[in-house]
Each structure stands twice: as structure tokens, then as C-alpha cells.
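The chains carry the letters A, B, C and D, assigned in the order they are written, with residues numbered from 1 in each.
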Amino acid sequence: MLRIAVLGCGRIGRMHAENVNSHQRAQLAGVFDVIKEASSSVAQKLGVREFDSAEEIFASADVDAVLIATSTATHADFIEQAVAAGKPILCEKPIDLSLARVRACAAKIAVSDVPIMLGFVRRFDTGHSAVRRAIESGQIGDLHQVTIVSRDPDIAPDAYIEVSGGIFRDMTIHDFDMARFILGEEIETVTATGSRLVSPALMDRCDDWDTVSVLMTTASGKHCVISNSRRAVYGYDQRVEAFGSGGMALSENHAESHMRLYGSKFTDQAPPLQNFFIERYGQAFAAEIDAFVDCVEQGTPPAVGFDDGEKALALAEAALLSVREGRTVRMEELA
Amino acid sequence: MLRIAVLGCGRIGRMHAENVNSHQRAQLAGVFDVIKEASSSVAQKLGVREFDSAEEIFASADVDAVLIATSTATHADFIEQAVAAGKPILCEKPIDLSLARVRACAAKIAVSDVPIMLGFVRRFDTGHSAVRRAIESGQIGDLHQVTIVSRDPDIAPDAYIEVSGGIFRDMTIHDFDMARFILGEEIETVTATGSRLVSPALMDRCDDWDTVSVLMTTASGKHCVISNSRRAVYGYDQRVEAFGSGGMALSENHAESHMRLYGSKFTDQAPPLQNFFIERYGQAFAAEIDAFVDCVEQGTPPAVGFDDGEKALALAEAALLSVREGRTVRMEELA
Amino acid sequence: MLRIAVLGCGRIGRMHAENVNSHQRAQLAGVFDVIKEASSSVAQKLGVREFDSAEEIFASADVDAVLIATSTATHADFIEQAVAAGKPILCEKPIDLSLARVRACAAKIAVSDVPIMLGFVRRFDTGHSAVRRAIESGQIGDLHQVTIVSRDPDIAPDAYIEVSGGIFRDMTIHDFDMARFILGEEIETVTATGSRLVSPALMDRCDDWDTVSVLMTTASGKHCVISNSRRAVYGYDQRVEAFGSGGMALSENHAESHMRLYGSKFTDQAPPLQNFFIERYGQAFAAEIDAFVDCVEQGTPPAVGFDDGEKALALAEAALLSVREGRTVRMEELA
Amino acid sequence: MLRIAVLGCGRIGRMHAENVNSHQRAQLAGVFDVIKEASSSVAQKLGVREFDSAEEIFASADVDAVLIATSTATHADFIEQAVAAGKPILCEKPIDLSLARVRACAAKIAVSDVPIMLGFVRRFDTGHSAVRRAIESGQIGDLHQVTIVSRDPDIAPDAYIEVSGGIFRDMTIHDFDMARFILGEEIETVTATGSRLVSPALMDRCDDWDTVSVLMTTASGKHCVISNSRRAVYGYDQRVEAFGSGGMALSENHAESHMRLYGSKFTDQAPPLQNFFIERYGQAFAAEIDAFVDCVEQGTPPAVGFDDGEKALALAEAALLSVREGRTVRMEELA
């Protein structure tokens, strides 16, 4: 049994704590949150130890590995401390909002062989990963074009948006990672467009966008398009399409149920899409823990590594630059 | 060019006349209807001859074949006359509402080799016929269970229902033929249930049913279920499902367009189903003319023969008997 | 926290034990199985008490309620004992293979007010229950016709089939309950047909059928059809269709993932259906525990009661009689 | 009856001739093709006059309107001549491969009020036009993002590609028009990427691309993405997606039939997509003739005008420039 401690007891942290707790090969070693009520409530409910600090976790002999689900600003520091303590890490994305900070962290931990896995959970979705497997197994031939649609059911509260680092670092970053996962090849050029259509006043204030589209290319000539919106009234829209010389593979949306309704003015109507990521990617969050336990127990490389986090962030920076300057950005500009 | 005359210029007759007229290997030799305005209007619009009587058509040297789309009561007589005149026949279903009359007609024309094709148009539908082909090609293994759903968008006018011969002879008869077409084997037992749910007063008056379900079996143990309703508010519901040892084949509904709508309370909503048979089976009606021309020109047996009409009607009689007596009927009882 | 003990640690019992264990408002009070290895392994894995006998559970002050997932032959006895001990019961279906035994049990517990809930898990499926809610909320008007398709991915081992009580009591019983759940009205007539197409030799030996279709009617004239097969090569086929005066509601199948594949010979291909009931009805099994906890804690009537178990079994008996005698059976014959 | 003459008897011309011939309110006044065998065969088959030259058609008192389906290089000349002769025009796209030539033509016919309709047939597709109507009727709120997927089933012969004017002018031009039709607003910026993945040698030789993606924006901040490929092995992929503040509308693909197949390794498999445009847009080609007859008879503005042709071509030029220079192009650069 791998004893995993969870840092951070917000919504995502609590979910991770429960997943670790009910995992067959893992055990919840304890939890910590700077807000004591948050960690106490989780610790009590699940009957596990409540740590007083992150440091206490890193120092504990009863902790084999850590899951970092604290606020973004703490990720890089905690990664460095956990590496120093020799604790394998599963860290929520993003590593940091600053590419420079991520690269400094990378430099600092470069010599270590402590496993670090990044929480790009969508790679573990049965549908999205089946698309990737269809490519790997040759079912759609050579990959030519990828389309990723990713829209939230509603815009987050102003307070969240204001500190999110902007749509590219906060939301599109998942899709940048998905693009790399599906493409199986590094991206060379990025052209992004951004609009303020969902919440214009807030976007003006934050100098951010709520509606973005991104067009990317790879060295071999593959194309990838991302469509994002901060609000899709019909629910959490999460689709991936991979088109190749031998066919096409799609990962389609999940409705709340498999019920279909027919009425006098319509047919074959499905319910709204699953809402929100904790439900939609519930299976994937559990599979992510699986992959982390495998990685630590078997010494295999993490399914999603630190450099994946860095590269996704670099793509976000490129997209930001592209919108700001109204031009195509080459990734080598950010090297 | 096969010169075909059309008898009957009601809704179906007009459509047949247009299909013959625009057919590559056929020519519309003329039309006739007892209501002179009906035949005049069609003859004028399509620029073809208007015959004064059915007899004139049967006697005409300019007519190679006939398409009978007159009222049901005239079908058997016209078949006998056309056979006597040596004119190949495509006749709308049913041959007659009386099984005795159909059998008398069969006896009368038994020695003739004039081709007679019955207008069970649904056999020519691309979806339904693809189900049959999937069976014949072994794609679903041995056939075990067939389900046919067939619901009209709305009940016909009282005047029509009153002379229709009842739901089994008028509506379910298409499904009895479809059952035989898909099963590829004769039916041995029939159990039917009938209810008066759509238009109870009319059904009481006519001693008829507007909602029926039929369960049938064959000698080899295949099962077939038919579900009928005189009114489906979402449109013309026409589905066939064939389940076998190696898989399943479905023929699914046709919506008015391939547009799908997503809103705040629903997703993936399709428009109403195509309404009504002239639209839904438009492709099949054209393919039926093709098959008739093939049959006459190449001397191949008709895709749907006189005996198919007789057998479908016998199943309708069995279903009627089953509902009336509340029991399973064996087809040998009607031999 | 409701302390629930689980009797029976076979495949279903283990799953129930885990669901109880991870339930927010319930606690796994312990487990028991006549095969000691089975209960030991579950008790150890989940860190709960292993009881030495059912009697010990019924007598324990640390047990608030029991979940009976033992072999069918023990259900009625355990229900009687649990009632005598005042322990609320969630019992796997069926109550017993003999309608007489079920009725004797009913008589014995008649005066008790101990809550008994039957494990007809499919009622808790989000899709099937959404169909029922669509009816209750008037979305499809008056209900007219119900179609239930229920096919297993493969036939169970001979040893299981031989003691199963036959397809109607073992497999169709779920669909009889679903029919009653969806119809919202008692069934009056049953006509069933059975064939031996999947495993003829085994079926001959057991005088059983592997392919059955059932046609049922209610007093108000609603129709319901069930199609069963012991083997659908494409997976666990579980569909419900409710047709009414104002529309139609369908509960559709669950594929293994939402990936769709396009190739040179096909489009829009989905993976096989979820396999098997523990996966397909995983959400429903969890919701069932919820409903049981609600029932006990809040004193509300069980969502599925003892009489639902009795009525489903009576329908199974009627179907058996119908196939054996080749006739429509009225439910009053079994009263 | 509007008497329409058809210029050009290639594949598209023949289809138009047949559509005109069977139209209720139009009459085929005759046909012409520079290849005499082509026009003779159509004239004979449909029993209409064969003209000896385009001039003869423009001069004929028996011709009310013309349908130009000749090779692209002749379109602008014929438009000018038809306008001079006062004959309303339905002209196949594109007007010309040269934007300069199109603008010269525009200048020349500027003072005329002879109706000119451009053959952007996809606007008449029931699915695509239903998307537009959903927008106009407010069903999806304010439009934010449009995605157009358009892939041919296979690359045309080398000889065709070599004179096609390149993928943007030949193929994407349909999608540029669709983008404008769906957006309901002019496009401001165009970023395109092109790859040589389907037929690299041919593409190298022609300095063309077989795989392109285009990202466009409008003044109000709407985004539109086009994905093209010269070869989709699963058939003719034609989809439109419109996402807005109140929902989403999709126009989905058309398979060869509505049959769905289930096997031991897959479920819900549809057949290949309809192949090719004459089948897929057969309904739209007929509706286009309708719209043209309406326009001429009722004096209403054409559904698709000359300037729509010019604007689509300008977008093609912009895309070409964008790929060549690897940058975002503003439409004002091409003014």
C-alpha cells in the first residue's frame, strides 16, 4: 500500500483524498490545508491524520508520496521541497503561472530522480485516451488534423478569473496538453484569437478573453485547432477529433444520462452535458491515481511529466503573445 | 423504354406517375382515374395521354405494363383484366381486404406467367433493405429476434379509417410483409393485442384498434414483434431491428434534416421525423419502379410477388382473430 | 451513520460491501458468508468485522440493517429472521424461485413494519429512471406502449443455468419489474414465446429457453413487450422505450467509451457495450444503497418493496405457463 | 414556366439540366456544350433543343434565363454576355480564378439589374440552412464560434488539380461562402496553414496544399475555423457547427443509409458517408433551382449574389497569401 498524503483540501483536493482513500493499492496518509477547517473536515470524515504543515508531511516517515492540490502559487515550491525530501509527487496543473518560475524549478530538480507526475487528468479519460490509442494502433493511419473543443458550462466567479493567469494559462492549458498528447509531436507555430463575448466588462478589466480559438502546426505538417469558451449553456463541452489518412476518431460528450426524448416538435433529444469536471472526469481522476501508484510502485516513467507541464505553459505564453500582437508565433521564440 | 400506364391518380398514383415519367428506362404511357379531374390534371401536367377507362389501357398497343394505384376494391379485378390482356402489373397493396377474394384471384391467374409485382414499397428502403442484406451476408449470424416499430404521424380522417378494413389490413400489413422479408421464413403463430387509445370513439364505432402489438414465431424459433400506433406526435416512426447470433442490424428513423440543436436544457436534439410516407419512402418508391422495370425487361421474378400480398393479408386475418378471441392463432388455421 | 451488515460475499455481495463502506451516511458493520474464505477476504480488505453466522448478525447490537446477497434459496429464511430481529432489509432479487414460498414468507412478515427493500437495481439507473420521470412529469403524455430489450453479453456457465430457476425467474424477472415500474399499472395478460437458439443442448437438458419474447397488456390497454437473449455478442444490451400520446422516451445503451471511429468501410462506430452488470449498473447499485439508507433513516416506504418481488415472480410464472401451454395467460389465474 | 437554357453538359451541367427539366415551374429551353457529343446526348435524352453556341442561347427569344455550368475560365465572359442580352443568370462557382477578372466583370455589369445568382449550392442544404435559421431565429443566442469541416472522399485526378487554381479557390471557396453565410458578418482577418499530406508529390509540383486549416475573425469578435482535406477515406465529410451564447447548432454528415450495425467488436456502426457532392447535395441542387426561379419570377434579390462570389474569392486569395507568408492577413489588404 502506497501511503499518499494530500496537500490542499479545496474541491479538487477533497476529491483526490477520497480517491486515494478508496484506492485498492493506496492509502490516505493524511491531509493538510492552510485553512484548518478544510483539512479538519476531510481528516475527520475519512478518519485520517491531519498534518499541521506541508513541511510536516515532507518530513514524515509515514508518507510515501504526496499529491499537491494547493493553490497554484505554491506548486513549484512544494515540488522543490518534496523532491528534496525524496517524496514522489502528483501535482495538479499548472506548475506555475510564470514560465520563468517553471524553468527555474526544472533546473533545481534536474538532477533528482524522484518521480513527478503532472495532473493533466484528461489524458486518462476513456474517450480521449481511446482516440490516442486508435492513432497508436494505426486505426486512422497517419494523423493529419486534430480538433479540440473545450467549453466550460459557465464562467468562474470574478475573483477566480482575476487571479487565474488568464484563459490560456488557466483553461486552454488543458487543451494544449491534450493537443500534444493527441498529436504525439511538438508544436511549432501558434496563432490564437481572443474575444470578449461572454463577460466583456470583466474581460476588459482583466485584459483577458472568454472566447478563444487557436490554430497550431507541427514540423511534419499536422494541424491542430482548439475552440474554447468560458460559457456553454448546454453544459461542459469536451470533444476531441483526430483525422488521419486512414480514418477519424472522435471523443464525444457525456450527457447527464442516456435518456432520449421525443416530442411534438423534436426527436432524439439528450439531456444537458455532465456538469462539471468532477463528474465529467470522475473516471479519469480515479485512473490518474492508478497511473501514479503504478509509476511509483513499478518505477515506470510518469504518464505525464514535469516537462509536459512546462511545454503546455509555453504554448499558453505563445498564444497570449499571438493574440496580443495579432500574429503567428513560432515556439522557438519562447525557447 | 418500358411504356407504363398508371391507373389511379390520387396522391400515390400521382407520385407513381411522376416517378415513371422521370425514370431513365421507362415512359409514362398515360393515366386514368374514375375522377376525370384527377387524371386530366396529371395528364396535362406531365404531357401524357389521358385514358377514358381502365379497359382502354388494357387494350392499348401503346401500353407495355400497368401500375395499379386505384382504390383497393378494384385491385383484384384490374389484376385479372391486366393478366388477361398480358400486361405486366405493379399493384399497390393490398390486393383486396378479403382473403377469400385474394385467393379466388390467385386461382384465376394461376396459369398465367404475366409478371405481377406487389407494391410493398418498404422493402426498397435503403435502410430496411440494408438490414436484410446484413442478414443474407452473414454479418449478424443466425437471425433470432426481429422488432418492427411502425407508427403514423397522425390518424387518417374518419372516412378513411371507416373503409380501411381495419388497422391490421391497412397499416400492419406493411409490417407483416416487412416481418416476412426480414425473417426470410414463414410465420407459424400470431398473438396480437389491440387497444383504443388514440381515438377511442372512432375505434369503438369501427370495432377497430389504433394501437396494436403483435408477437409472432417461425418454425425455427425466430421471434418477431410489431408495434403500431395510428399517431406518433414526433412524426412517422419507421424502425426495423434484427438481432442474431453474430450481431444486430437496425434501420433507423429519418429526421427532417441532419441539424442538431443544443440549448440550456437539452443537447443533441434532432428535428421531427420525415412526414409522411411520400417523403420518407420517396427513395423507395423510385427504387420500386426500378425493380419493376428490371423484372419486366429481364424476365426475372418480381421482388415482391402476388403470394407475398396473400401471405401478408393472411397474417392480418390471423392478428384480427387473435385480438378478437384473446388467444394465439396458428397460421395453419387460416390455410 | 447506518450500520449495515452484508450477508453473502460472492461477486454481488463484495460489490455491495464496498458500496456500503464508501457510502457517506452508511458504515459497513461486517460481513458473513458460508464460505469462510470469501467473508475473510472481504472483511480483511475493508477492515471490518467478519461474522460467523447470519444469526450472529441478526442478534448483533452493532448492526442496524442487513443487506442479503446470499444464494437465492436462503433469501426468504433470512428475510423472516431479519424481520423477527427487527433489522431493516435490502434483499437481492429474487425472494425465492417458488411463488408459494414467497407468499408464505409474505404471510409470515405481514404484521411487521420492518422496512424491506428488494434489489431491483435497474430502477435506479439514471437512464431508465429518467424514462419513468418523463412519464410522471407528463413529457410523453399518456403511456401507450413499452418495449424492453434485455440481453446478456453471454450465457452463464451450465452449472449456473441449471439451478437458475429458468430464464423467466432468473433473467426476465428484472424486465418484469422494469415493465411494472415503467407502466405504473398492473399487468393483466401475458403471452410469452421461448426458443433454444443460443445453447440448444443445455436448454433441452434444463427444459429452459435462451431466447424469449413476452407480450403483456394492462387493464387500461397499455402494451409492453420484452425481448431477451442469453447472448448478445456486442455486449450487455439494456434498453427501455416508452411511447405515449405526447412523445417517446428511450433509455439507451452504454458503450465502453464515448469514442467513435471512422474507417474506409464504416463511420460513427462505437465500442462494444459495457460488460457486465457490475459496470453497466455500477451507478445504480450505489444509488440503491442511497435509497435504502433514505428509507431506513427517514422512515419512507422502500422504493421497491417485497410485493414488487412477489409480483415480478408471478409474472415469471405466468410467462412460463404461457410458453409451456402456447397460450395467453391472465394474471388472475395465478392469484 | 421559366424557360432556362443550360450551358455546359459536364457532370454538373447534366444534373442541372435534369433538375430544370423536372422542375414544376421551369422548363429546359435547351443545352449547349463545346463538346458536341456532350450536348447532343443530354438534348436527346431529355428531348430538348441543342444549341450550337452560347451566343445562340443569349440571342434566343425562347430562352428566359441561363444556367452557366461551363468551365470556370468562361464564366465571367458568359456572365457579361448574358447580362448584355438581359438574361437572368445562375452561374456555377467560382466566377473566375482571378480576383482582378472578377472585379473587372463586376465593374462591367454594375449598372445592370439583370439578376445574377451564384451557385454556392451548400447554402440550400437542409442541414446547413437549418443552422442558419437557428441563428436567425435566436435559438442559439449571439453567435460566437463557427467550425466548418469539409473533406472530399478522394483527391481529384492530377489533371483537374493542376488547373483547379489551388485548394483555396477550388475547394475551400465553398467553405468561405459557408462561413460568410453562417457568420452573417464580414470577415476581417484570415490565418491559414497548408500541408502536403495526401499527395505530396503532386502538391509540390503544383505548389498547392491538400490539407488546410483556416482561422478567421470578424469585427464583432466572432471566430470561424475551416478544416479541409482532399481525402477522407470514410467519405464526403461535410459539417457545420455554430456555437452561441444560447446554444449550439450542428449540421451533421449524411451516411449512405440509416442502417446501424452491431458486431462482436463494435456497436452502432453507420455505413460510409454519401459519396459524392451530386448525391450529398442532390436536395440542395434542386432547391437552388427553386430559389433561382423564385428570384427571376418574383423579382426578389438572389439568395447568393455576384458579390458573394467575389467575397469568397477574396478570402481564398487572403488564405493563399497567409500560407505563403506564414502570417495573419487582414482583408483590407486585398481591398
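Keep this in mind: a residue touches a chain if its C-beta (ideal position, glycine included) is under 8 Å from a C-beta of that chain, and two chains touch if they have at least 3 such contacts.
In this text the structure is predicted, and so the values were computed from the model without any measurement.
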Q. In terms of C-beta pairs in contact, which of A-B and B-D ranks higher?
A. B-D
Q.
Farthest chain from chain A, going by mean C-alpha coordinates, please.
A. B
Q. So what's the Cα centroid distance for chain B and chain D, whole Å?
A. 39
Q) Taking each chain's centre as the mean position of its Cα atoms, how many Å separate chain A from chain B? A) 57
(Q) Give me the residue numbers in chain A that touch at least two other chains, ranges are fine. (A) 233-234, 246-248, 253, 261-264, 271
Q | Residue ranges of chain B in contact with chain C within the complex | A | 141-142, 144-145, 147, 149, 151, 189, 191, 193, 195-198, 211-213, 215, 217, 221-223, 225, 227, 229, 231-234, 237, 243, 245-248, 326-328
Q.
List the residues on chain C that touch chain D in their complex, please.
A. 232-235, 253, 255, 261-273
**Q.** Residues of chain C defined as touching chain A within the complex
**A.** 22, 126-127, 130-131, 134, 139-140, 246-254, 256-264, 271
